[in-house]
Amino acid sequence: MDHELILDVRDVSYRYPGAGAGADALAGVSLAARAGAVHAVLGPNGSGKTTLLRVALGVLAPATGGSRILGRPAAAWSRRELARVVGVVTQREENLFPQRVRETVLLGRYARLSLWGAERPEDRAAVTRALERCDVLSLADRWIWTLSGGEYQRVRLARALAQEPRLLVLDEPTASLDVRHEMELFQLVRALADRDGLAVVLITHHVNLAARFADRVLLLSGGQPAGEGPPGDVLSRETVERVFAWPVSIAPFEGRPQVIPLRKDHT
Amino acid sequence: MKWLGLGLVVVAAFLGAVVLGPVHVPLAGLAASDIVRTLRLPRALLAFLVGGSLALSGAGLQALIRNPLADPFLLGLSGGAGLGAVAAIALHLASPWALPLAAFAGALGATALVYRLGLVGGGELDPRVLILAGVAVGAFAAAVTTAIVSLSDAAELRNTFLWLWGGLSGASWDSVLVLAVYLPLPLAVLFAAARPLDLLALGEEPARHLGADVESLKRRVFVAASLLAAVCVAVSGVIGFVGLVVPHAMRTLWGHRHRPLLPAAFLGGGALLALSDTVARVAVAPRELPVGIVTALVGVPVFALLLRRWTTS
Amino acid sequence: MERRHSLRSHTIRLVALAAALACRPADHAPAAAGSTVIDDAGRTVVLAQPAHRIVSLSPAVTELLFALGVGDRVVGRTTWCDYPPVVRLVPSVGDGLNPSLEALAARRPDLVVLYRSPLNETAAAQLSRLGIAAVVLRQDRLEDVARAARLLGRLVGRSAAGDSLADSLSRLLAAPAPRSRRRLAFVVWDSPPIVIGAGSYLDQLATLAGAENVFHDIAAASAAVGLETIATRDPDVIVVVSDSAEPRPPALARRPEWRVIRAVREGRFVYLVGSLFGRPGPRAGGAAGELRRLLGQVTR
């Protein structure tokens, strides 16, 4: 499998305007996402995960370091060009309008449509493929407000796939999903990397699922990298306890470390 | 089918505006009639262009501000126009174009101020701040206007409010020509923004990642919608409800996708205003009602009906 | 203060006198005594003696007071009161619309005359509570002026003069109008076009001048109409009322849509100066004559 470097974030720092000195949202973070690999970004709340996403995709300009996508600096990409290469499923989406599933996935074709031109057969075909890939083709004509949380997430993923991207970025995609839908999503994401050769960056605070499904993890703590590499290397007991400020025990499962939080009884 | 129906409504409204009036013109004599050629025809065209522009502006602003209650005159525009008009009258400016130009300048001035206030850190337009700024600027302009009126020669300025209530009585081929030259650019900008506006409905961040240049989009839509509303006020005073109600009415038939919605809103708004103007001219003939009253009388029940549909669906 | 006391005691005397004079018609009350009138707001106003310090909040009333020969008793006027010119020496107390009671009271009047409007009726009630007699008079048409002349005559102790003025105005109104074929329209605003209808005294003036207001069928004093209506009714002359005496063609004359109207195309305008024509008053006869003369100049 070709392991082309799709996203190359080198040593970026960023501070939000108005934040005091020493309150860097990111400091010296690097991330390299390759085709066919799943890269998880982990860390407690406020550790800079979403900020990293924004800097990586050129939405925010870093104070130091830089981000390249397919070799070009992120700032050099227009939004439209970038949307043909990177598909993002954001943490939140507020859809104002009642829509059917097929319509909302079709929005993903925007970057490939000409200004005045209508949707072409190849656009509809891409939408159908994306729906199939995410196993929501049977829901194609449903109104999105009738979908369950898990179904809606897969529809949003289908929309990102309709962009026919090389890189898929998901920001906390399983935040409010139950076990079954979480597993379905992680399995789907893994299959997309393995079967279709997509590079995947997955921001999550579900440490254990990330450990099982990701090839590499980046652990952030207060905007700084606390470890980067295969899950087994990064998720040691000392590191996890330090970053999450809680006593844990690490137990292996299917060859991957699983974090078990311990009880802190005050006697 | 829907488009055919809309087309028929447009044609019927246009024909009504030309054939009907306080003065009876026999069908045979329509083409030769001075009244039809010099008065009714340009007035019907003006009604279309103004009604369509207001509806389009309203649809664009509703998408931009992400608020279904947005109206072209929400953002301080009508207050600014009123202030400009009152100033022109108080200064006894002589030219026949003085009043429209002053209203236009006032509208743009208010819009520029609202825009400036709506820019938050980083040069980005925040729609929520836009609404608040618009209400504030509009209220301020209205207060200054009232102050000028109360301190000045009462009779003429009372008549200003009649003008502000909205009327197409000043329609001429000159004003149609001005609109024909002015409108294409802002109209084109809004029509071209149709797809990105669909993306914006998901939220600014998702829209950005799907390929929309969100900052440029917000600026373009705000400026184009304001330019449309400003020229409409200059030409025909403040005509309410068209910009608010027509986009919603069209959404019940065409859905929320802006590519069909925007043209439908333009045509629907034009037809509604042409129809309302015909009613304004004919209902109490030989007297004329201000068209703003007719659009409100028609618009409010339609709006109430739409609200019922929403709350029951 | 002493005036109020005497007002009260005189009122009691007046009631006794009125009872004794019950057989005599009210409008023949002796000149030197007090008077009781019912104004146009239905309020009964009682004066113990003829008014000597009068504030007039209406230009027509000011003219009437001078016409009755009591111009020297006017101690307050509005900014619009400009006839006769000598009245400009009298201090102004505002524009007559929403009078400041302080400014009024400062003139120490024993009679205030207001024109009829809802705000003024409230002001009149407040003045009465302050002990100042206030009379509210309608000022819309010439018959109102006639009635005002009669009423004011009684209030100032010049009943004969008041009645004679009222009678001459009534005769003017009743006089058969010298016929002419001149047809006119009064245009008072251009966007939207506003014309004068039968409810306005200007319509009456037109009749007195022997002309026909093409919008006489509209009952209101003024109304917005369509340009095509004006064009079809084809007045011979467009009459414009303005404050300045300059006979300059109005702005509307240059606008293409107005030129559908023949009178605008042919430049047949008559200009009426606001002071004489802007309100009904005792000079109505002269105004009608002037209008007739101006119309004659413009039409064949």
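First chain written, first letter: the chains are A, B and C, and each begins at residue 1.
As a convention for this text, contacts are C-beta pairs under 8 Å (C-beta built on N, C-alpha and C of every residue); 3 or more make two chains touch, one makes a residue touch a chain.
Note that the coordinates shown come from a computational prediction; the quantities given were computed from them, not determined experimentally.
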| item | value |
| --- | --- |
| Where chain B and chain C overlap in contact partners, by chain label | none |
| Two chains joined by the most C-beta pairs in contact, as defined above | B-C |
| Length of the line joining the C-alpha centres of chain A and chain B, rounded to whole Å | 44 |
| Euclidean distance of C-alpha centroids - chain A vs chain C, Å | 82 |
| Where chain C touches two or more other chains, by residue | none |
| In the complex with chain C, residue positions of chain B that touch it | 21-23, 34-35, 38-40, 42, 94-96, 99, 154, 156, 159, 162-163, 167, 169-174, 281, 285-290 |
| Footprint of chain A on chain B - complex, ascending | 66, 121-122, 192, 195-196, 198-199, 201-203, 205-206, 208-214, 255-257 |
| In the complex, chain A residues that touch chain B | 17-18, 57, 59, 78-80, 82-84, 86-88, 90, 92-99, 103, 107-108, 110-111, 113, 115-116, 159, 163 |
| Residue ranges of chain C touching chain B (in the complex, touch as defined) | 95, 97, 188-194, 215, 217-218, 220, 223-229, 231-232, 251-252, 254-257, 259-260 |
